[in-house]
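Okay, here's the structure, questions in a sec.
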Amino acid sequence: MTALADHIAGVPLIDQHAHGCWLGAGDRLRFENALNEANTAPLADFDSGFDTQIGFAVRAHCAPLLGLPEHAEPHDYWRRRSQLTEAELARVFLQAAGVSDWLIDTGYANGVADVSQVAELSNGRAHEVVRLEQVAEQAAKAAGDYASAFEQILRQRTAAVVGTKSVLAYRGGFDGDLSEPSAAEVAEAADRWRDSGGQRLTDRVLLRFGLHQALRVGKPLQFHVGFGDRDCDLHKANPLYLLDFLRQSGDTPIVLLHCYPYEREAGYLAQAFNNVYLDGGLSVNHLGARAPAFIARLLELAPFRKIVYSSDAFGPAELHYLGTTLWRKGIDRVLSGFVDNGDWSSADAARVVDLIAHVNAERIYRLDAGVRDDDTRV
Amino acid sequence: MTALADHIAGVPLIDQHAHGCWLGAGDRLRFENALNEANTAPLADFDSGFDTQIGFAVRAHCAPLLGLPEHAEPHDYWRRRSQLTEAELARVFLQAAGVSDWLIDTGYANGVADVSQVAELSNGRAHEVVRLEQVAEQAAKAAGDYASAFEQILRQRTAAVVGTKSVLAYRGGFDGDLSEPSAAEVAEAADRWRDSGGQRLTDRVLLRFGLHQALRVGKPLQFHVGFGDRDCDLHKANPLYLLDFLRQSGDTPIVLLHCYPYEREAGYLAQAFNNVYLDGGLSVNHLGARAPAFIARLLELAPFRKIVYSSDAFGPAELHYLGTTLWRKGIDRVLSGFVDNGDWSSADAARVVDLIAHVNAERIYRLDAGVRDDDTRV
Amino acid sequence: MTALADHIAGVPLIDQHAHGCWLGAGDRLRFENALNEANTAPLADFDSGFDTQIGFAVRAHCAPLLGLPEHAEPHDYWRRRSQLTEAELARVFLQAAGVSDWLIDTGYANGVADVSQVAELSNGRAHEVVRLEQVAEQAAKAAGDYASAFEQILRQRTAAVVGTKSVLAYRGGFDGDLSEPSAAEVAEAADRWRDSGGQRLTDRVLLRFGLHQALRVGKPLQFHVGFGDRDCDLHKANPLYLLDFLRQSGDTPIVLLHCYPYEREAGYLAQAFNNVYLDGGLSVNHLGARAPAFIARLLELAPFRKIVYSSDAFGPAELHYLGTTLWRKGIDRVLSGFVDNGDWSSADAARVVDLIAHVNAERIYRLDAGVRDDDTRV
């Protein structure tokens, strides 16, 4: 083991975008479907969630933590997993992840641990990221003027959280006008939406309004970019369509999440704008053995002070652990290659590991002592 | 040689999308132009079809089958090739390919072997894939109502074939509405087309009609995706534009062919829809020494039960052989890497090879004994 | 060192697209900002131009030429660099580049060496490439009919230069109609533009007019493609949007510059059209340790007689040298891999190196003895 590999194995991570892990029992179908991100239908009878890169990665890297050999057969893996409760699994995997801080998106949280439970199960710190579309739905239900209600709820909620998140990619995509709408347009759109029930926000005017309110708050704004489930029109989730918005976005940090297959475009944006950041969570887990190639592409145009780590884990606690394991293995492989080829020094490689692992995220989310003390540390 | 390499060298393949090989004599220009897929004009005087990845691959991997050293000079390769008839060349290369079944697209077949000739020359089985745009042209010439004629010809022809194929990518591309047109719209469009001569179908309504008829037939529907000749607007052959169509496509298997440079987008679709499959034929041959990098990208988001093999060979019999050789070399290199890196077990690697080589194609094209007996085995 | 590595280390290059190097003194901020291509604002306080792939590459590969160890610390690098004038630095780096001919784009030349200065500083030959948008701005200021003025200035200027260049990517992008406008349309658009001051050309009609005039001149026409600064809408700089224009472009060589992240699409176009060429300048420098992966992708669909070398260096003389160093290192790595894998012979690899290094560029720019004698050799 080289000094660099050693450093990578031990560096604490900030998982700057994750969801809760399951707490309630479920069957094998639930587990296998959780290994497929893009499909919204149940897997076909002929298929198996285990016969994927992420399935192979779970068997290779998670099995040993449950006392099984690497590459344990799916049947054996499932049987062993079933002997433990989800909370027991969570303690095993979250505590083994080497993550000091979890930033939890609470906008989609059915059946999974909340922020304080993640902190407790992981023996770590957990912080909240609030979803703008959820704030909008709360504002739709509130009394009085929509815009004022949105602003008030957003201020209130963001006072206690580290960042905001937008799923605009799932609500029509990035292409089209993303400028700030006028007060009159917002009022009219809000009336229309409230009249039609105020469910699942897809109104473009109100989505745009929410984004510009988040810029005013100034805490880091995360965007779902690229790869997700098939409700998203993937070609409209190309971050280059955000160019005009980014040109108006000022100093508020904008974090581009996931990014597959647009990670090179996203890296370009991280070079082009002082306030844009690049993250490859979700993708790393689903790419498994191919994660090193993806991690290498994250290290192209994006300046090294603009790249952050996340897992985007949701559901199986394996994913909260797998993200860190695949990232550690992958970045070791990529950076050792740079060092062996004479392009990087070993000391620089270790420093870039620190930047991506925690230094950059600490800076943009202000996860310093002051904030941490107020937070849901258990 | 490792056990995995040994297994890969011997595994029988189903070439699930190919065309016939030449039968008649031709000159060196014909041969060199056949090593360029994208150009529709004759190669420039200063150029040579040999100075390409596919040209280098022919010299490296096909030369030994003609008794020449690896990397034989172009001049020597051409001279030796000229000493044999196309039929003799076909017997050499098709029989060395290790292909049990060839699925032959008969929609473009000028000057090449037909289905039964491929079976005879290869000592294998051959099956037909029928092109929807050809059925449309037959229906345009038939008497009576266009829609009824199309349906009848399609039913008749597909009874004896294993699948259908669409070249929508060459007839306007994927973007735009692909929903099923009404009967009235079809009748009106058919009248218009018939009045204008009923040649080369580009009418959007009739193309959409054909696709939805193919879904009703239920046999696998292949789409040309991405890379082809320059008559195709490559940016409109991005498979993500098929999203809305796929959302309506039910259970009929949809096979995305070629896919370069959209193989990662296509792999995403294979994960997102239970009925979508991923193939990298044509691209593998033209990428030559770069095929391993492409094959690796095919193994990203697509579940392993959703990936199939093809050559898309047309013309020189070398290409029917080269496809399997580059695929075997490439998948060996990629999967050995996964195994050496500790991400996959060797047994899993061998099993995934089987899935891609023949198991998945056997399942979706129902190439079981019953079908095979009815087929053009010689 | 293998024979191939030896050959690559010594092969003379034609840098077929570069700008001048700085001549006047500047501070550290100027230098660090020059290591960021995409950003148009000054780097943020928390950032450093050194913490990028290109920054690491400068420290690894340029430091030894200044008497520093490889991977010298940024502070040490800057201090040593500051002890030399820009002209001294230029002599060091340009003369070490192994470049016989520099093709200099004079359309953007604030504060940098001109064509004859590049020749003098490098001890090499330098040739001019004239920017079409600059010709347009000259025509706007000229007396009389715009079209005639444009034609006359273009003929006059191109008589003494080796090629033309378009920055259409920065003036609205490639998508949309690029056919030749009528004389009446040109006259009307020119009046409008002149009336509004005749500054920075963005009028689509006049941009189209200029391109078709350049086709008539017949000297190679270079296009900025893909990656550049954020004034460019990167998604509109996808070269596939040039398809219709290329279909009408006849025999005039068209050179696609930079191309990241569209290098695979550009390689496809180089296969599809006898007159289209592929170049990866600018990208290679900014990718640093990742340049080999990019250079490998340049060697996919593009025929080997259609690929050329450039640095696109501007400003720091390091970049004129770094381009050749990263290219030599990268192509050695990629081609040795092809040879080791049995796909290419070593002799073929050396021949392809020559094609890309200088043979292809000599042919299309006609850099034969006759032209060279007339040129700005010092």
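So that you can tell them apart, the chains are marked A, B and C in the order they are listed, and the count of residues begins at 1 in each.
The rule is simple: contacts are C-beta pairs under 8 Å (C-beta built on N, C-alpha and C of every residue); 3 or more make two chains touch, one makes a residue touch a chain.
Note that the structure is a prediction, hence the values are computed from the model and not measured.
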Assembly fragments, chain B aside and the remaining chains unmoved
one piece
Same-site or different-site touching of chain A by its copy chain C, using the half cut:
different
Please work out the Cα centroid separation of chain A and chain C, and write it as a whole number of Å.
37
Check: chain B positions touching at least 2 other chains come out as none
Inside the complex, what are the residues of chain B that reach chain C?
36-41, 43-44, 46-48, 51-53, 56-57, 60, 70-71, 227, 229-230, 233-235, 260-261, 286-290, 292-293, 329, 333
Residue set of chain C touching chain B in the complex reads 238, 240-241, 243, 247, 264-265, 268-269, 271-275, 296-297, 299-301, 303-306, 337-338, 341-345, 347-348, 352, 355, 363
